[in-house]
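Here subunit A shows up in two complexes: once beside subunit B, once beside subunit C.
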Partner chain A sequence: MKNLRTELKESIIKELNLEDMEPEDISNEEPLFGDGLGLDSIDALELIVLLEKDYGIKLTDPAQSKEIFVSIEQMASYIEENRTK
Partner chain B sequence: MAVATWLWFLKMKSNNMPDQFYIQDWIRIKNGRIFTGEKLIFESTEKNLTCFLKACYDFLDIKYPKFHKMDGLSKLGILASEPIFNKYELTKETALVFSNNASSLETDLQFQKTTNTFSSPSLFIYTLPNIVLGEISIKYKLQSENAFFISECFQADLLKDYTESLLNLGKAPDVLCGWLDLQNGEYDVFLCLVSKEKNILFSEENLKNLYYAENEKPTH
Partner chain C sequence: MQNKIYINGLGSISAQPEDLISGEAIRVYDENIFSAISPNYKKYINLKAFRRMSKGIKMGITAAQIALKEAEIDMPDSIITGTGEGCKLDTEKFLENLLDQNEKLLSPTAFIQSTHNTIGGQIALNLGCKQYNITYTQNSVSLETAFLDAQIQLREDPEMKVILVGGVDEVSARITSFRKLDGQLKQNPIKNIDLLKVDSQGTITSEGAHFFALSKEKNQKTYAEFQSVSIKNSIQPEEVTEEITAFLKIQNVNLLSIDAVILGVNGDNRYDHYYKDIQLDLFKNTPQLAYKHLVGDFDTASGFAVYLGANILKSGKVLEVLRLNQVECRNPRTILIYNQYLGRDHSLILLSAV
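Now for the complex of A and B:
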C-alpha cells in the first residue's frame, strides 16, 4: 500500500498542476504556502476539495485549513485521524 | 504671401489632425503555428491543445509556473503576449483591448462538468473571458486600461475605434489589441501592438488584411 504522504504529494502535484515537480521534490515538513511550495488561496480551496473527494473529510470551518495545510506531514496526520474513506 | 498663407494653413491643419498610429508588430497563433509579423517562428503537429500549449511554452522558454494553472484562453494570451513584451520595452501603461467569439465557453463547460461531483475552484476563477487580461497584466506588471469584447466575428472597426480612443485620449502610449478565441479545442489568436512607431498604418483594412492572411477558416 502506498504511503499516505507520497500519495498526498502525487495528488497535490496533479490537482494543482505543479508542472515539472516530482513527489521527491516536496519534503514532508516543507511549508505548503508562502516560502515553501508557494501555493496560493485558490490552491487552498483545491486542497479542501481534495480532502473531501479523496478522504471524505468535509471542512466546515475555513480557519481549520490554516492549521491543516501547514505541511504534508500535518495534512497526513489530520487525514489519518479523520478520514471516512 | 500666398505661399506663406498656404504653409500656415498646412501647419494649422497638421496641428489639428489627430495623431496617426501604426501596427508596430503582430502575432498569430493558429493551426499549430506561431507567427510574429510575417515570420513563422514555431510549428507543431500536436493536435492535443494542452500539449500544444505546453510545446509553445517550452519553445518560448517562458519560466512562469503559474502558466500551468491557467485555463486555455489565458495560456494563449500569455503565449501571444510573450514575444511582444520580450521584444519591446513597453511601459506599465500599455493597454489591452481583446475580443473573441466564444468568451470563456471552453472553460465554462469544463467547470460545469465538475459541478456534477466536486466543483473546481481553480476552474471557476477562469469562467470569465477578461481573466486573461488580468493574467497578462500580472505577468508583465501592467497597470493599464483593458477591455474584452465579445463579438460574432473579428470586428476591425471596434478594435480600431476603441484602441484609437485610448491612444488619442492619452490613456495609453501603446495598445496590444486583437482577437483571442478558443472553442472546441481550436484556437485563433491575432494580437497586434499599436503605437506611434511607424510601420503599417493602423486602419480597419490593414487589421482585416493581417487577420485574414493566415485565417482561411476562423474558429467561429
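Now for the complex of A and C:
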C-alpha cells in the first residue's frame, strides 16, 4: 500500500498543477505556504476540498486549516487520526 | 478637433508564427479546429500564477505584455478586453467536475477562473494595475466594442493617455465542437489555406490573443493611427455599401483613398455574399485582403486583421498569401477592415499610416 505522505504529495501536485514537480521534490517537513512550497489562499481552498473528497474529513472551522496545512507531515498525521474513508 | 489615437505597440498570438510578417512560412492545418502556437509563456508570466492559468489567460497576458513592451509602457491607464466566449477551458473543467462529483466538493480554481473577465483581471494582477478594467463579450464584435470604449475614453477623458485593448478567445474540446454541431464549421476537414476555395457551408476555427497599446501620442515605433471603429449588429446584404460609405463620410475619408480593404471572408457560402457584393462593386479597383484562411474564424479573430493592417501601414508590405485580387497595393496609407459573422455583428475599423 502506498505511503500516505507520498500519496498526499502526488494529490497536491495533481490538484494544484505544480508543474515540473515530483513527490520527492517536496520534503515532509517543508512549509506548504509562504517560504516553502509557496502555496496561497486559493490552494488552501483546494486542500480543504481534497481532504473531504479523498479522506472524508470536513473542516468546519477555517482556523483549523492553518494548523493542519503546515506541512505534509502535519497533514498526514491529522488524516491518520480523523479519516473516515 | 478631436485628438488622434495611435497604435504604439501590438502583441499577437495566433495559429500562425509570430514572424509571419517578416517572412516565416505559413502554417498549414488539416483540421477545422486548430490551436494557436504557444510562445514561451513563462518569459512573461509569474510562475506561481502560471500553473493555474488556462491557455486563453496565458495568451492574453503574453500578448498584452508584448504590446506594452513595444510601446515602452509600464502601466496603462485602462485595460479593456473583448472575448466572445471567455474562459471555456475552465468552464468545461468546472462543469465536468460538477457532474463527476455529483454537485459536491467542487474545485474552486476552475470556478473562479471560468468567468469572462478573468483574462482582463489576470492582466491587471500581473501588471499591478488598479485602473479601469472592463471586459466586453459581444460575440464577434467583442474586440470592436473594446476598441469603441477605448476610442471614447481617449477622446473624451483628458486624463486618459494610454489604453491597453485586446481580444482573446480559446479553443476547448466541447464548447468549440458545438460550432460544428450547429453547422458553423465545415463538416469535412479541409486545409486552412483552401478555406476560400471550398464552396460549402461553415468555416474553420482556432484561437488567439491580440492586444494593442493605444496612445494619444505617437512615437518613432508607432504602427498606425487608429481612426475609428463602427459596429452594426444587423445589416441587410444590400445595405453594406451604404454603411461603408456613411462611415467613411463621417471620417472625412474619400472612398478612392482606401488603399486596401481587409475582409473577414471565412468560406461560409451562406454569408460570404456580404463581402462579395462590395468586392465586385465598391472595392473592385481596391486591393482586397483576407486572413481567416490563416488563423480561422473566432469571435476576436478580427484582432489579427488589425495586427496585419497596422503592420502593412508601417512596413508598406503586403504578404502575397493575403491577396484576394491582383490590384497592386502601392504605398498603402489607409486601410479599412470589414468583418461580420453569420450575417450579424458587422464592424468597420479604419486605420491610417502616420
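Here is the rule we use: the second predicted complex is superposed on the first by the 85 of 85 C-alpha atoms of A that agree within 3 Å, B and C clash if a C-alpha of one lies under 4 Å from a C-alpha of the other, contacts with A are read in each partner's own complex, and residues count from 1 in each chain.
Please note the rule applied: contacts are C-beta pairs under 8 Å (C-beta built on N, C-alpha and C of every residue); 3 or more make two chains touch, one makes a residue touch a chain.
Predicted model, so just to flag it, every value in this text is computed and none were measured.
> Going by the contact rule set out at the top, does A:80 touch subunit B (first), subunit C (second), both, or neither?
Touch status of A:80: no partner.
> Look at A:19 in the shared chain and tell me whether it touches subunit B only, subunit C only, both, or neither; answer first, second, both or neither.
A:19 sits against subunit B and subunit C alike.
> Contact-wise, after the overlay, does A:67 reach subunit B, subunit C, both or neither (first, second, both, neither)?
A:67: touches no partner chain.
> Mind working out whether A:29 is in touch with subunit B, subunit C, both or neither, as first, second, both or neither?
In the superposition, A:29 contacts neither subunit B nor subunit C.
> Check whether A:46 is in contact with subunit B, with subunit C, with both or with neither, and answer first, second, both or neither.
both
> Subunit A residues touched by both subunit B and subunit C?
16-19, 38, 42, 45-46, 49, 52-53.
> Touching residues of subunit A toward subunit C in the complex: what are they?
Residues 15-19, 38, 40, 42, 45-46, 49, 52-53 of subunit A touch subunit C in their complex.
> List the residues on subunit A that touch subunit B in their complex, please.
It is residues 16-20, 38, 42-43, 45-46, 49, 52-53 of subunit A that touch subunit B.
> Over in the complex, which subunit B residues touch subunit A? Could you list them?
For this pair, the touching residues of subunit B are 65, 68-69, 117-122, 125.
> Of all residues in subunit C, which touch subunit A in the complex?
Going through subunit C, the ones touching subunit A are 48, 50-52, 101, 105-109, 112.
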